[in-house]
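Below: a set of structures, written as structure tokens.
Two complexes follow with chain A in common, the first pairing it with chain B and the second with chain C.
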Partner chain A sequence: MNPILEVKNLSVVYESSGFNALQAVDHVSFALEAGEFVGLVGESGSGKSTLGLAITRLQKPPARTNGGQIFFRGKDIRELDAETLRQQRQGGFAMVLQSGMNALNPVRTIRNHFIDIFRAHGHVGKSGWDARQIELMEKVGLPKETLARFPGELSGGMRQRVSIALALSLEPQLMVFDEPTTALDVLVQQAIMDTIKSLQKSEGFTAVLISHDLGVVLESTQRVLVMHEGRIVEDAPSRDILENPQDEYTRMLLSHYADPRAEVVELPGFPDRAGRDTGGAARTAGATARDGRSSDSAIVVDHVSKVYPPPRRGEQAVTAVDDVSFTLEPGQSLALVGASGSGKSTIAKLITGIEKPTAGTVEFGRLDVAQLGRRQIRELHKNVQMIFQDPYSALNPLHTVEYTLTRPVVNFGGLRGPAARKRVLELLETVGLAPVEQFAAKLPHQLSGGQRQRVVIARALASNPQVLIADEPVSMLDVSLRAGVLALLEDLRAQWGVSMLYITHDLLSARLVTENIMVLNGGRVVERGNTAQVLQHPEDEYTIRLLDAVPNPARARGAAV
Partner chain B sequence: MTTTQNLTSATEAAIKPPRRFAFITRSAATLWANWKSRLGLIILACFILVAIFAPLLAPYGASQDGFERNADASPEHWFGTTAAGEDVLSQLIYGSQISVAVGFIAGLLSTIVAMVIGLSWGYIRGFGADVINFIVNLFLVIPGLPLMIVIAAYLQNGGLVMIVAVIVITGWAWGARVLRAQTQTLRSRDFVTAARFSGEPAWRIVFKEILPNMTSIIAGGFFGAATSAILAEAGLEFLGLGDSSIVSWGTILYWAQNSNALLTGQWILLFAPGLCIALLALSLTLINFGVDAISNPRLREGKSR
Partner chain C sequence: MMYVLRRIGFFLLTLWAAVTLNFLLPRMMPGSPTDAAIAKLAQNGPVTDATRKAIEAQLGVPDGNIFEQYLGYLHQVITLDFGVSYTFYPQSVSEMVWQAFPYTVILVGFVTIIAFVLGTLIGVLTAWKRNTWLDALPTLTGSFASTFPYFWTALLLLFFLGYVLHLFPTSGAFGPTATPALTWDFFTDVLYHAALPALTILITSLGGWIIGMRNAMINTLGDDYVTFAEANGLKGRTVAIRYAARNAILPNLTGFGLALGGVVGGSVLVEQVFGYPGIGYLLFNAVIGQDYPLMQALFLMITVSVLIANFLVDIMYGVLDPRTRR
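So, the complex of A and B:
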């Protein structure tokens, strides 16, 4: 049987004047059989998206193919002229992009999006438009009323479903999904993946799923290509990848998955937590004894609610946080878990004084956070610091690491000149960025994501705070970097006695770095308790759903057996 | 310790200057790589050189009269003479000084005003922002030219300073609005929140964190403001609202109109300064294409292959 797509020795290079050329895809060869569902896995910068764009002829300058051939049904698609390329989009190859939000035109209804495609290709008679649209919407699990809506009125998951329906409307033989679920919430992510899987079976198209998440890929595909630094390092059936990975890199990726429900959870560089839990008391004692801090205060959140005014006239007010109470003791770590919109980030804003609660009080020591003036807010920020989710936007691209770290040292520590510099270098050492002098002089774009996040952590530590609020600190990082950053947070807590509020949707990381957990749903606490206990024996139905949505290669094995 | 410190300062000295330098050279290279902005830079350079070396280039003095009046073009007077018997070419060359200087000074001043107001306006919230909003809207809805004429009429015979003041007063509002919009998008970035968590005062956040991230927009705004300043200066002079005794392109036009140059067939008196004004404004607009390419790397790349 002839392969539907055959890639031979393909190379793609990024060329931009004034910069060194970057070989993103390097002599890659593979073939896809018709009807196959193949995963393409790699970390950021591995060239997987570049490859996906190349095989659908969607690449744009400065990317350029500089070698190799791409045969689609025996024809080299690199030779196609623009018009042939356009015509073959019907019944040829299609791509679903990462963000459904940006793929749809905000001022046109969903119906208009379909009509554009029908017009451009003329493959559906005008009388058949309505029926075809409804049929497509049903395929992706959306009600037909959605057709009359504008993209802005739909949720992220619905928009991604619409993008899939649009790609399907041309009956492609090859579909490339580029991180179709990455921008979405865990629960939605799972539902979309289910839809893609069942569509692939029922429609019989060949599918390529590009993802950074080996767990997601192994759960759904038959064969996996692992990409690393522009090369395909492993190409094997999913089962083999899971049970008998050949390449070092694949093994490394796999080692970073674990089941948060397991008795013992271990990750590379991260020994099992259960063994150390007995040390909790000792750690707290050590924490109070550390020097350089006058007093320790707990954060007390007492029956707090936050209601935002209705977004549009005539709509309901939005209750982001609904009667939440908890206490974060000094030296303690607490996970705040929930899907997006569950109110977890709002709680962080309430604690740091960025927002004021509608009801209830937030207290830090003797400070009532809601009543603070500007100067007292500064005092609060000296003690309560924040670690941001996205290390790419949390550092000013134009300032060196040294400048970024010097500011809080000067503002809170009152140090100047050489003393401030010494402190900055100490901080860099603490977060493991050595040689410190070199890192101090660097600009953010010269650092990797993991290094950036370490700088962000160093900045949060600069004022010697008592409380760290970590808002999804690893969700934007590659799997292989996550463990390192998490281990750093855990060490800091143990050594410095900092208490930590760890906000996440990732139950595995919550299991690793926190003692206690609170599960939020729709602004309410639905479950709380010891992290290991709650995750092993979840009681609330919502917690169980969250746990089920965690992608887990090991479970794929269980299902396959 | 001392050795390490020396080492670090040495490495820093080695690292930092090339970085600044690299940024400037890269921007310059981008401007030069774009054919539109290259053309603009060449035209602008010509005008600036002419303005600087006017005393050397001009065959006669700026207001040296006593030549034959209303003469046509001749080897002695390439562009002829005015009704007052002055050499038109010399007047054009000297006039470039005023246009270039007023354009750049007024453009710079109105950019600075726009920057200070726009950035603060974008950063603050609440009552203060509403007050600024009201004032800026006021300046935006008042038609520019009539306002200029009214102000210029009040500040009569203030000379160049008056012209610059009028242009700045009427020209900052639009830039302030653009910069405010950009500030508002930047202020919601994490690094701005992070700066607040670092205990930075508001002015530092605005001018040290946000401002450097919109350099290219400000540069674009400056060239735009300079263009409209040059046009406004010529317009006011032409209407006789400036000091009509100085020699600038606007006053050449004013006197040419007064002496009915078109009726006497001396179209060059109107055409030459008009062309100069248009070319200077064009050069700045062309440069702005290049500035766009600096702020938006997508425009830098070639056509899709």
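So, the complex of A and C:
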């Protein structure tokens, strides 16, 4: 059988004036048989998205194909002129972009998006437009009323479904999905992947799934291409990748997956908790003694609710947090897990005094957070610090690391001159950014994502806080960088006695760095307890759903056997 | 519909605030027209109280407390009665403003709209064909022309097209032989006289619109929905206009609103240079002649026109951007 797509020695280069040319895709060759479902996996910067755009002829300057051929149904699409290429897109190859939320024109209704495509290709007669639109919406699981909406009126998951329906309307033989679920919530992610899988079966198109998440890819595809630094380092059936990975890099990626439900959970550089734990209380006592932390630095959340006024007139008020109580003792770590909208970030805002509870109280030591004046809030923030999700936007790109860290050292610590500088270097040492002098002088864009997140953590530590609130601190990082940052957080707690509220939807990381866990759904606590116990023996149906949504290569193996 | 009603409500509220400020501000300022007149007379000798009373009566200084004055003022505004001009006595202020208004609206208003439409279209073209000569030529000439001081361009055009080539008249809104009437002849004569000032405005403002639209559209061309539209094989024209340009124009509408609002107030220079009898010309003469009733009416009018322009742009936003319709 002839392959539907054959890529031979393809190279793509980024050429911007003033920068060195970057060979993003470097002599890549592979072939796809009709009906295959293939995964393309790699970390950020591996060239996977560039490759995806190149094989659908969507790349834009400064990217340029500088070698090789792309045969689609035997014809080199690099040689097609613009109009033939445009016509080719109907019944040829289609693309679903990474951020489905932004892939729709904000000023056109969904119906008009379909009509634009029908008009452009004329493959559906005008009398059949309505029926075809409704049929496509049904295929992706959306009600036909959605057609009259504007993109801004739909949720992220619905928009991604619309994108898939639009791509389907082209009746493509090859579909490329570029990170189709990345920015979406865990449960939505799983539902969309299910839709894609069943559509691939029922429609019979050949599919390429580009993702940074080997777990997601192994769960859905039959064959995986692993990309690293512009090259395909491994090309094998999914099962072989899982059971007998040949390449060093593939093995490294795989080693960062574990089942949060397992008896023993380990990652590279991260031994299982049971082996490390000598009992939280004893360590806490030691830490307290050493740092002279007072025991009244506990955070007590007592029957707290937060109700937001209705977003539009005539709608219901939004209850973000509903009667939640918990205590975070000094030196403890507590995970708050739940899908987006479960209220976990609102709780962080209530603790830091950014929002005031509608009912109940939040206490830090003896302070009632809601009653604090300006000066006391400042004192609170000295002791309770946040670590944000996105290290790329949490640092001012114009300031050096030293400046960023000097601000809190001066403002909270009251240090000046050489003393302040000494403290900054100490902080860098603590978060493992050595040689410290070099890192102090760097600007954010000279750092990797993991290094940036370490700077964010160092900034949070500058005031010598007693509580850290980490809001999805590793979700924006590549898998291989996550373990390091998690290990750092764990270290801070064990060595410095900092207590940590760890907010996440990622159950695996919660299992690694926390002792206790609270599962939130719709603002309510549905399950709580020891992290390992709750994840191994979940009782609430919602917790079970969250666990099922975790992409897990091992489970794919179970299904395959 | 809710959106339009809310916008109308907001418009009426700001209108009331502006009208009230126009009433309060002169009263809060130190000195008064009477004081100014008496100071002038005092240079020649002592001024009696009777003289002061006479001057006040002559200027129409209002009686009653400030609240009664305010009511009277509101009544005058609603009936468009702004009193009698000092410098063009006995003509009433409303009559003079009404005569000047059409010229300014036709000249500056119309040209501003044309400049916006033309500049936006060229901007779309340059962004779509970027890095070709179709981009470089309009962008370069546009930005070059818009760097000239406005009056200098005006003088250049007057000199070459007016004095040297005699292609266009050099001043006035219509010829000496024409009589204002709603006839075809008069209309073409007005257009003929408006050509040079219109050209000046066009030359100096077009570049800004081209570059604004070009930049906005280059941004939207990088947006995901444009890439996705291309991935779906939409025709180039559809992608350029319905996807890229359609979204790029939204931020430019704000600038357009400001420019429209500035039409009445910003026409002073152009009308002065070309001796064009519009609002700007009138305002200039009102300030020179210390014609307080005329000034007050013109200031109010400038404020109101800014408000109306903003209101229109708000409504346009509502039509063009579904996200604002909440």
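The rule is simple: the second predicted complex is superposed on the first by the 554 of 561 C-alpha atoms of A that agree within 3 Å, B and C clash if a C-alpha of one lies under 4 Å from a C-alpha of the other, contacts with A are read in each partner's own complex, and residues count from 1 in each chain.
The rule is simple: a contact is a pair of C-beta atoms (placed from the backbone, for glycine too) under 8 Å apart; a residue touches a chain by one contact, two chains touch by 3 or more.
The shown structure was predicted, so the numbers you read here are calculated from the model rather than taken from an experiment.
Asks: When the two structures are superposed on chain A, do chain B and chain C clash or fit side by side?
Replies: clash
Asks: Could you look at A:Ala441 and tell me whether it touches chain B, chain C, both or neither (first, second, both, neither)?
Replies: First partner only, chain B.
Asks: Is A:Ala167 touching anything from chain B or chain C once the two structures are fitted on A? First, second, both or neither.
Replies: second
Asks: Contacts for A:Gly152 in the overlay, against chain B (first) and chain C (second): which applies, first, second, both or neither?
Replies: Only chain C; A:Gly152 stays clear of chain B.
Asks: Using the superposition on chain A described above, determine whether A:Leu58 touches chain B (first), chain C (second), both, or neither.
Replies: Touch partner of A:Leu58: chain C, not chain B.
Asks: Touch check for A:His121: first (chain B), second (chain C), both, or neither?
Replies: second
Asks: Going by the contact rule set out at the top, does A:Asn102 touch chain B (first), chain C (second), both, or neither?
Replies: second
Asks: Touch test for A:Ala94: chain B only (first), chain C only (second), both, or neither?
Replies: In the superposed model, A:Ala94 contacts chain C only, not chain B.
Asks: Where does A:Arg375 make contact in the superposed view: on chain B (first), on chain C (second), on both, or on neither?
Replies: neither
Asks: Would you mind checking which of 110-118, 146-154, 182-190 or 290-298 on chain C runs into chain B after superposing?
Replies: The superposed arrangement places chain C into chain B at 146-154.
Asks: Residues of chain A that sit at the chain B interface in one complex and at the chain C interface in the other, please.
Replies: On chain A, the overlap between the chain B and chain C contacts is residues 60.
Asks: Where on chain A is chain C touching in the complex?
Replies: Residues 56, 58, 60, 82, 86-90, 94-95, 97-99, 102-108, 116-117, 119-121, 150, 152-153, 163, 166-167, 170, 312.
Asks: Can you check the complex and tell me which residues of chain A touch chain B?
Replies: 16-18, 60-62, 64, 352, 354, 378, 381-382, 385-386, 388-390, 393-399, 407-408, 411-412, 418, 437-438, 440-441, 443, 456, 459-460, 462-463
Asks: Help me check something: in the complex, which residues belonging to chain B touch chain A?
Replies: 4-5, 7-8, 11-12, 15-16, 19, 26, 29, 33, 189-191, 193-200, 209, 212-213, 297, 300-305
Asks: Provide the residue numbers of chain C that touch chain A in the complex, in ascending order.
Replies: Listed in rising order, the residues of chain C that touch chain A are 222-225, 227-236, 238, 242-243, 246-247, 250, 320-323, 326.
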